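One chain, subunit A, links the two complexes that follow: it is found with subunit B in the first and with subunit C in the second.
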Partner chain A sequence: MRTSTERQSGTAEPRPGTSPPQSDTSAPRPRRRAGDLPVAMVFLLPAAVGFAVFYLWPALRTAYLSFTDYSLLAPPEWAGLDNYRRLLGDRLFWNALKVTVEYVVVNIGVQTIAALGLAVLMHRLTRSGLIRGVLLLPYLVANVVVALIWYTMLDAQLGIVNQALEWIGLDPVAFFGETSTAIPTIALVNVWRHVGYTALLIFAGLQAIPKTVYEAAATDGASEARMFWRITLPLLRPVLALVLVLTVIGSFQIFDTVAVTTKGGPINATRVIYYYIYEQAFQRFNFGYAAAVCVALFAILAGLALLQLKLLRAGDSDLD
Partner chain B sequence: MRRITRLAAVATILPLALAGCGSGDDSGGGSGNAQAPEKTEISYWLWDSNQLPAYQACADAFHAANPEITVKISQFGWADYWTSLTTNLVSGNAPDVFTNHLNYYPEFAGKQQILPLDEFVAADGTKTDVYAPGLADLWVSADGKRYGLPKDFDTVAIFYNKKMLDDAGITEDQMKSLTWNPDDGGTYEKIIARLTVDKNGRRGDEPGFDKKNVKVYGLGLDENNGAGVGQQMWSMYALSTGWQFTDKNPWGTKFRYDDPRFQKTIAWWRGLIDKGYMPSLAIARSGTSVNDGFGAGKYALSTNGSWMINTYYGYDGVEVGTAPTPVGPSGKRATIYNGLADSIYAGTKHKDQAWRWVKYLASADCQKTVGDKAIVFPAIPEALTVAEEKFKAKGIDIGAFTVQIHENTTSLFPITDHASDIGAVMGPAIDAVLSFEAEPSSLTKANDEVNALFQ
Partner chain C sequence: MSHALRRLSRRRTAAWAILVLFVLITLLPFYWMLRISLSNNRTLFANPGSLMPTDFTFGAFKRVLGIATLAEATAEGGSGANIDFWRYLANSVVTSAVITVCQVFFSAMAAYAFARLRWPGREKVFFVFLTALMIPPIFTALPNFVTVKQLGLLNTYAGIVLPYLFMTPFAVFFLRQFFLNISREVEEAAIVDGAGHAHIFFRLIVPMSSAPIATISLLVYIGAWNEYFWPLLVGQENDVRVLTVALGIFRAQSPQAGPDWSGLMAATLLAALPVIALFTVFGRWIVNSIQFSGIK
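After this line comes the complex of A and B, so read on.
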């Protein structure tokens, strides 16, 4: 990772590629005493136990189960690579992947741009705590509640949104019911809920950019737009990268909105990967196969996160 | 330093506490039978919140008669119910007794999660022929073991909006003698057309009817995917052609979704969408339920099960009536006859107490208590009479639902293995046909997939 980072940034500006970001503190750090280790272990233990019990062990067990035929109510039987062979030929698995990617593209695309816009507006125009609070409001409502409220509001015949569309002379739209609009609708409902939260994360990143940079730019007569493209975006990159990695992984895990509204339909239009796993495991009792899909999803997400971090050089900042 | 030690203490206790949660329930059953009257609490689950008061009343009466046993009732919504039940079966914490469904019990029985009741029935000389005909047999598995005692049953009928019927000049007597066939839909389709009204006030059977701008659909379309059963969606039409789901029922192993009678029925049904008499699948799936659509005056007719009676009759300002499903090409009406029962969890520690509760639930005493609340149809005829009177007192005539039992035109709910896999194949397949993305003939391929499950 380091080497590629250096290669990418090497031509732009010379900077110490090997020193850690904190290296600008004046005094050299004292070396850690080995005597701190037991105390450090004690501090780490609670988190480590939580990690082992709630993440590591279930993950290992899932990996094991993915090689078994397990119907949940009978003990698992070793099945070798059967589940993975089946996975490759499963039309619905590939459909689930496709549908999920569609969701992520719409969800993350719209959400990131909208959140960035909101954050920059807040940063440049207002410091009002009230506005920040209002932005966060949708995020405070439970996901399932948000989904159900939108589901009712968007109904083709009785929904308030379609009533409004009719008043302005448009035809009603069956947002959740049409195969072509179901995924974008679910994606946008979740944008509505998460955009304020994402905007606040980005806003925090914006506050870390020194004001002096903007003052200097203003003195040089740079326009707001130019400042955004030349100062804000480049200096925000590490924060943006982190936000993207987190939101993309979260977005891939879309489940609740689908579970309370379309339940995978119409046909297979919203059978996203998590819903498919849930169906296989808890409705059809194919726990072994569901575990194999989980492992496949894990591999995809891990690869994606690595790729994003690498491409966006999240590890270092241009502020140094 | 003190803080650190305390932290460390918490950290070391945590895993122990977690481990403690998991174990404890694994030790075998049958501890409660040995000693004389020992206070026990048994858990009982059901999914219908409307029925909770009725069963609480049963539980109180049961406790009064058996002071040493307390019944703790928990209620979950339909979807949560099965998920919670499954996860609790897996973790060994399932309720001692629970309401069971024909779609699920073969799976539970096959995996030894529910207890065969034969020993208890034989020991107590419990009568299994006191129920409405056929209901008790539904709970006998392929290997001849009994897994539940009937509590109630349901059939399907047509709910109609009386005012809309009046406006269309259709009498309630006409509703009682409807005929249907998959070619032209019979008098049933005629009244559906008549009851459909477009934005300009033109009816579906009048020239110039605008099928693109419909204000009231003659027939509602269910928001749920009926999967491979279509209980309140299409089964009453298909079955009235003489078609049956499987080669034999219960415990069939060959499905017949490739039968032309079935496919023609589905073709006719989706034809209603094309004609503008029934909403598109997209509209039906876009947010509100078919019953709420009916309640809001968007549909004149709506086919649904008897368990929905109180919901349909509960809408403000809507005068509701019910009619039996139409007579089909076979010369008979048809409806699925579905029965619920109570089953005992195989891992229960209180087998005897659980059995006594199941026996009480299946008794005329408890079923009369349930019938008295007029929510569902009890399985014992004399309790059904109680329910019938109570429904009448509410102004509801349940004749449209029970006539098919008297005339012997009901068909059993298809009881087979692999029910959830079948649903996963047939649900999207029928969706695809209804949304005009596939032809009814595509169901032959789905049928092959379904039948492959049995090989």
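After this line comes the complex of A and C, so read on.
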């Protein structure tokens, strides 16, 4: 995050990041501490209202509600740590967490490897905008649409996938209908939706690696595989770290696909954390408890993001 | 030498084959949706593996669009249940359009304040705006639901659009990046001529940023069109139901025994069509914006 706070005078603005330490040698100007503040307030007003009412206040309110007993019918009642105590002993909460982590591991694992491969292929083979466009298409279609397409394709009786399995001599699989396959199925469906987009992000990172590095390695007789492990992967690390942080956070928020296909079942196999919160809040009206689960989810996500950034040293690049 | 070359080209062929495979896997489900939507639902089960539509018909689309008679519908394996497609389509168009226009306009105003005006605390306020990117939507959804409910806006257009109307951190961030890069000189010439900030914003900054503004509008529109969670919470009723919610309900209501797959896929395809059409026309912008922003 850049923090170039001092831009007050009317001199031509230096590019952020490259601004030299300013020792003002030009003629002294009258200091205008407030600058354009009144105008800025006018321009900011709608966005600031939206931010305060629909981001800041509700975020604080969720934190507050997590300490209350609230069913929407009566005003929230202070309950201290009750919700959190209940959370620790709630078998379904831990199950939701476990199921969500399973989903994230399969989803992110497969997606990242496939996207990396795809990005490297595109980088080495083609600049075709058409191919990039096609690969991005699933990402632009609604989760609900993607879920329904695959729900149809994976149907036990008329789904083309089971038909294909039969052609190669395998038994049909009840993808969404079996406790052991439901989560991997949903994870892979969403890999299909996101892989092209993730590949494009990585592709953008690849384009930032100078060609000369590869040329030098090629004249030294390095193989493609060696170049990938020794050049591409290390130089790509900051981009990969950012992509991983973003996709992991997104992946934890799996809801739409579950809501449209399995609704948490079979049994509790796909009752992911987002869906569990949804049920607690909007079907059982345990708003206080749902808020506590939200807080737990937020803490997990924030911790994960920090951990990832630290482990992957996202800030520093090996290019310098 | 020629041996090495041949090996190289064989490798390239293999690499191309994998890339083409990726493209096929990406496209096949779209084709399959089309194939089933053009099939007769009664004969689907007999030929689940055929690549062409079985017993080609537009019946499923007619059912979805409400222009098939009950007899026609049941003859082709439809449930006869009514899906109010045109209404849901209109609801999606209206809510997405309102969200896009307001959110982009207000976010552009905020971006102008962050990029072109000088005031104390500017970077700090911007940082606070950005932190909202880290908050999972469900974290704010519960109180937002309470707010909308207390305002008496459940099951209204206003309730569906309200949280998205004023800003999203991403839109502000995205536009600020572009506004920062506009040269100061143009602006200063206008100030010398006595132009006010409203003039500079509407006559200089906005027109000079028409491409990024169009891009973010497109992204916001597609995002709003695809949104499921929020309208599911506040807009279940038939009058205001948007397409994503309607599809979910359509699927939940289809009978376990012999569901109307053709109808489901026809409705799904129609719901996805506007996005696919927008993308065909403006795809290049979206691809480029992803290269640029790296997020969303």
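By definition in this document, the second predicted complex is superposed on the first by the 266 of 320 C-alpha atoms of A that agree within 3 Å, B and C clash if a C-alpha of one lies under 4 Å from a C-alpha of the other, contacts with A are read in each partner's own complex, and residues count from 1 in each chain.
Everything below uses one rule, namely that a contact is a pair of C-beta atoms (placed from the backbone, for glycine too) under 8 Å apart; a residue touches a chain by one contact, two chains touch by 3 or more.
Please read these numbers as outputs of a predicted model, since none were measured by experiment.
For subunit A, the partner that touches more of its residues is C, with subunit B and subunit C as the two candidates. Contacts of A:V141 after superposition on the shared chain: subunit C is touched, whereas subunit B is not. Applying the stated contact rule after C-alpha superposition, one finds that A:F285 touches subunit B and leaves subunit C untouched. Of the two partner chains placed by the overlay, only subunit C lies in contact with A:R61; subunit B stays clear of it.
Of the two partner chains placed by superposition, A:I209 touches none, neither subunit B nor subunit C.
In the superposed model, A:I249 makes contact with subunit C only, not with subunit B.
Of the two partner chains, subunit B is the only one touched by A:G177; subunit C is not. Legend: residue contacts after superposition of the two complexes on their common chain; A:F43 is shown touching both subunit B and subunit C. In the superposition on chain A, contact of A:A156 is made with subunit B only, not with subunit C. Of the two partner chains placed by superposition, only subunit B is touched by A:I267; subunit C is not.
Note: residues 39, 43, 46, 49, 53, 72, 151-153, 155, 157-159, 263, 282 of subunit A belong to the subunit B contact set and to the subunit C contact set alike, using the contact criterion stated above. Within the complex formed with subunit A, the residues of subunit B that make contact are 4, 7-8, 10-12, 14-15, 18, 82-83, 86-87, 89-90, 107-108, 111-113, 225, 279-288, 292-293, 296, 298, 420-421, 424, 427-428, 431-432, 435, 437.
Every residue of subunit A that touches subunit B in the complex is listed here, in rising order: 39, 42-43, 45-46, 49, 53, 71-74, 151-159, 174-179, 262-268, 279, 282-285. Only residues 1-5, 7-8, 10, 12-13, 16, 33-37, 39-40, 43-44, 46-51, 53-59, 61-62, 65, 72, 117-118, 121-122, 124-126, 129, 131-138, 140-146, 148-153, 155, 157-160, 163-164, 167, 192, 196-197, 200-201, 203-204, 207, 224, 242, 246, 249, 252-253, 255-256, 259-260, 263, 274, 277-278, 281-282, 287, 290-291, 294-295, 297-298, 301-302, 305 of subunit A touch subunit C when the two sit together in their complex.
Here subunit C touches subunit A in the complex through residues 11-12, 15-16, 18-19, 22-23, 25-27, 29-30, 32-33, 36, 44-45, 48-49, 106-107, 109-110, 112-113, 117-120, 122-125, 127, 129-130, 132, 134-147, 149, 162-163, 165-167, 169, 172, 180, 184-185, 188, 197, 201, 222, 225-226, 228-229, 232-233, 244, 247-248, 251-252, 261, 264-265, 268, 271-272, 275-276, 279, 283-284, 286-287, 290-291, 294-295, going by the rule given at the top.
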